[in-house]
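Both of the next two complexes hold chain A, though its partner changes from chain B to chain C.
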Partner chain A sequence: MTRWSFMMPSIVLLLVTLAYPIFYTIDISFSTFDLSTFGADERVGWANYEEVLNDYRFWDALKVTLVYLVIALPLQVALGFAIAFLINAEWGGRGMVRALFIIPMVVAPVVAGGIWRMILDPLWGLMNYALQGIGIGPLDWFGDANLAMAAVIIIDTWRWTPFIVLIATAALLALPRDVFEAAKIDGANWWSTLWSIALPLLIPIITATFVIRWLGAVKMFDIVLAATYGGPGKATNVLNLFIYEEAFRSLRFAESSAMAVIVLVLTMVLTGIFLYGSRKLEERF
Partner chain B sequence: MTTVATSAPRRSSGQLGRRVRIVTGVAVTLLFLFPVFWMVLTSFKHQVDIFTSPPKFFFTPTISTYVEYFRRADIERRLINTVIVAAGSGLLSIVVGTMAGYALARIRIRGAATFGVLILLSRGVPPIALAVPMFLVARQLGLTDKHITLILAYSTFLIPYVMWLMRSFFLSLPRELEESAMIDGCSRYGAFFKIIMPISLPGLISTLIFSMILAWEELLFALVLTNRVASTIPVAIAGIAGDTINGANWGALTAVGTITVVPVVIFALLVQKWLIQGLADGATKG
Partner chain C sequence: MGTVDIRNIRKSYGNVEVLHGVSLHIRDGEFVALVGPSGCGKSTLLRMIAGLEDITAGDIVISDRVVNHVAPKDRNIAMVFQNYALYPHMNVRDNMGFALRQRRMPKPEIESRVDNAARILGLERLLDRKPRALSGGQRQRVAMGRAIVREPNVFLFDEPLSNLDAKLRVQMRSEIKELHQRLKTTTVYVTHDQIEAMTLADRVVVMNGGVIEQQGSPLELYDHPASRFVAAFIGSPPMNFIEGTVVNGTHVRLEDGTTIHVPVTNLGGQARVTIGVRPEHFELSNAGWPATVSVVEPTGSETQITARMSGQIVRILIRGRTFVRPGEVIHLTVPPDLIHIFDDSGTPSIHAITRGIKQHA
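On to the complex of A and B.
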């Protein structure tokens, strides 16, 4: 029994704090919600789900979330590895540069959203002032739907790319050097070295980084809340914020529980697929 | 990692290429640091120096925003709350998660692998799916606005996080370490606490610090589960940034932001070597 005793504390804690709330959410999602007793009332089958799936706002929020994920994740992974390559150049200050990259990474996302909101302010912000210098703008970052999405992605990229940079720096340093020397001697050019030697060697770590980033990105909430609050209109209203609003502002707990379950299933399935895929890729390379 | 880092310069990249890399690398780094610098700078401005066009880089510094806003928004209590919650959830998770991580790495038990996969999947659970029921349950049990509620809520993402980092850390240790100790009559617990723990200290500390940072900056659960007594700093920042009636108070925003970020940055830089190592290991060996 000592064998299980190492696991027990975490199992018990996670059953109470993680599993129970999930089942409770599922329970509410199939019921009506009584605001006077603040609990589940009658069972209504799939009614809440039907309502959610017929709600165009849910689909809009899902679309916004997908746009954000599809643009931000590849951008951040690519940028992260590119910057890692740059700052891995050998010189006296390399260690310090790498350490400095920790700083944006530990800025609370809500703070990141707040300060960028200030920097991107259309009237007094530094960004528009700088852009004006090169003849662009002034851009209405939070008034235009596409620009607002761009702003959210910029902030998110600023906050999360350093994290990828740090992983990528370690990965690049761990690359076997002799393979590159051999390629050099064989007369391989820069591009083919990158494409046929470095990239295949890096595939496992790139996919792993992608999965880790995915796990964080599906939780996107703080930055949007602080920077745009989903606006203008609903242009940056990611699902997490939409569900939050529906539950805690509109007090529609049954419907928001149904949405939460849908999001839960979606992310779990996709996470499972990504994990499986990254394992497979790792085996192949 | 360190031996590779200090080895001779790579001959394949020419001197010019290397210089270009260094210069652009430094430029990109400064670009990434700039927003933080701007935040700290703005926090020391008078209101009249904040709203200017062009933006001011030179001005007479003041701490009036700090003094004024801290009194008004109960920042002191929020700071204490955030420390309590971050330390509490960090310590709880490190103890519980390290034990489980050790079990996953070393002890063969049926069902443990399945549990491990479940835990890994749970890292994909969007917190909003937990926030709704947590709020309802906490309300029923009279647990809203209490530190312990937030500590437990944070353990939902911290325990799995610690578990996986520590699991990969333990996998990198040679098995012989505990095996010889256990042959010498140590129990599994004895081996764990006397042999494994001490050599795992760097990994443990960096994981603990990172867990505390994650708790320190958490917003959603704090927003939902607290209102006045146990409310944390991120909630205050969300409030300032989201003030659509008066417009965001940039002085307050940057002052509270600076207070939130500076201690974390100092902590992170102190243990940066371990942090980077831990991050790299967590990614490659997960």
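On to the complex of A and C.
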């Protein structure tokens, strides 16, 4: 009894903040939504799900999200570890550079989106100014579907690569020093030290980073909201932005709840597959 | 040809000098143990020979070539690390062959060298295992195999046995010795364990505070310690030190006023001296230095007695069994040639003048 009473505060907190919203969402997704009571009205079974799955806009948004994930994640992880590897060497100002890397993470995403909107502005943005210097452009960053996606990925990468650099730096510092010394004596050059020693040792960290970033990236919508608002057309309309729009613009809470549940299940399944795969990969090494 | 010549080597980290000019010549095929307490600079010296640490001043010459600025891989040395430093993602075969693959040696030759090393070390059945599937002793053997396949001029060992349990350590110790007798490769072996150093090495180099305190064959160090530090460091259980004041040529007054007769020809003009006696050199007799027994520890083959001699603790090791009991007063004698006398500073011992021929098994 006493042990339960000691745990009560955290149990209540968890129920209120975690369990309730999830069950509320699931509840709504199987019902019609009553805007006057802001709750479930009538059970409709899978009707909301059917509607969502028959909605081409849902599939479009899913596709946009996948394109973003497939490009942004490997890019950020590769870039993060590469930068960490490069700044891990002893040199003056290393601490300074590491500190600077934290800035993108502490800037509010909406502010970051706004800043980048200015940088990428087709008319007076810094990016086009710089690109013109080397004879490219002017590029209409937010007017072209592919460029808009590129812009979103650039901003997202700017924001999240430092996070990976931090994790990777910690991982590199934790690597056993004597193994690298042994490799040095064994005659491994820079490349084979990286490829045959460092990379295999880092595989567990890399996969863990990937999962963390993947879970974050699936939820991404703040940057899109601030920078492109899903445009042009629906070119950068990621799933979460679509759900947000459907719920709070179109007030279709039931359908958006169904989508949220679909995304949740999809994320869980894919994460499971990914973790399984990475474990297999670790065993191979 | 695997000689190592260390010429007046110094090492500083910033303003702190940790090696104060060490010189050492290691002959081809010799097994040299660097031994000393932690922080004495022995590992630093080894890592400098390996090329893992820069040399602040002096020269390191391996096989008649100054290697101060030669990369570790080009020094033709192989090193065995304290924590084995195996490549965790490679199996035993790949671990041992890694250095050879880096040299782009033809596959069949790598194969035959690895197989040969595996046979020497009894690793044939483990070749396809990953390091994590091996016991500590097996990992250590793989680390040695990795060194052997390279057929280096010099083997460097950095406290290779300190992570093993006591029983395995003794076993691996004799394996290393056997390996050296078989391959006759010049070996530099760092350890803080004086027994390891004594049992393995042709020559033991005792280091302390960044300098070489004394070097010589294991028995030379045991018989003729050049300083109180070496005397205390070499031998187990350690040497007893009894402090007192010289009364006349052959008598010493201890702290509580007891005067004992020290049967050496001349204690010199020293006012204060330290008498050093190894526990195994004491003999029980009817007359001699009086001591009160406090603890008796029989191990079967020998008995260790802890006793108090005018307030100072002395350890006595008696071969076989004895029937003394705690509280009893015993009398100790020491053969004159087995008494060590150190002067007040503790450094230069004057025993050499007073001692004749040593004789013990």
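To be clear about the criterion, the second predicted complex is superposed on the first by the 258 of 285 C-alpha atoms of A that agree within 3 Å, B and C clash if a C-alpha of one lies under 4 Å from a C-alpha of the other, contacts with A are read in each partner's own complex, and residues count from 1 in each chain.
As a convention for this text, a residue touches a chain if its C-beta (ideal position, glycine included) is under 8 Å from a C-beta of that chain, and two chains touch if they have at least 3 such contacts.
Given the structure is predicted, the values throughout are model-derived calculations rather than measurements.
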Fit or clash - chain C, chain B, common chain A: fit
Chain touching more of chain A, residue-wise (chain B, chain C): B
Touching partner for A:V77 - first (chain B), second (chain C), both, neither: neither
Which superposed partner A:L86 touches (first chain B, second chain C, both, neither): first
Partner chain(s) touched by A:K184 [first = chain B, second = chain C, both, neither]: both
First (chain B), second (chain C), both or neither touched by A:F101: first
Which superposed partner A:I197 touches (first chain B, second chain C, both, neither): second
Which of chain B and chain C A:I206 touches, first, second, both or neither: neither
Smallest distance from any CA atom of chain C to any CA atom of chain B, in Å, after fitting: 7
Chain A residues contacted in one complex by chain B, in the other by chain C: 181, 184
Partner chain C, residues of chain A touching it in the complex: 176, 178-179, 181-189, 192, 196-197, 200-201, 203, 285
Residue ranges of chain B in contact with chain A within the complex: 1, 4-5, 7, 9-13, 18, 21-22, 24-26, 28-29, 32-33, 35-36, 38-39, 42, 50-55, 92, 95-97, 99-100, 102-104, 107, 109, 112, 115, 119-137, 139-140, 152-153, 155-156, 159-160, 163, 187-189, 192, 213, 216-217, 219-220, 223-224, 233-234, 237-238, 240-242, 244, 248, 250, 253-254, 257, 260-261, 264-265, 268-269, 272, 275-277, 279-280, 282-284, 286
Parts of chain A lying in touch with chain B, wherever the complex brings them together: 2-4, 6-7, 9-11, 13-14, 16-18, 20-22, 24-25, 28, 38-39, 83, 85-91, 93-95, 97-119, 123-126, 129, 158, 161-163, 166-167, 169-171, 173-174, 177, 180-181, 184, 204-205, 208-209, 212, 214-215, 218-219, 221-222, 225-227, 229, 239-240, 243-244, 247-248, 253, 256-257, 260-261, 263-264, 267-268, 270-272, 275
Touching residues (chain side chain C, partner chain A) in the complex: 50-52, 71-74, 77-79, 81-83, 85-89, 98-99, 102-103, 146, 150
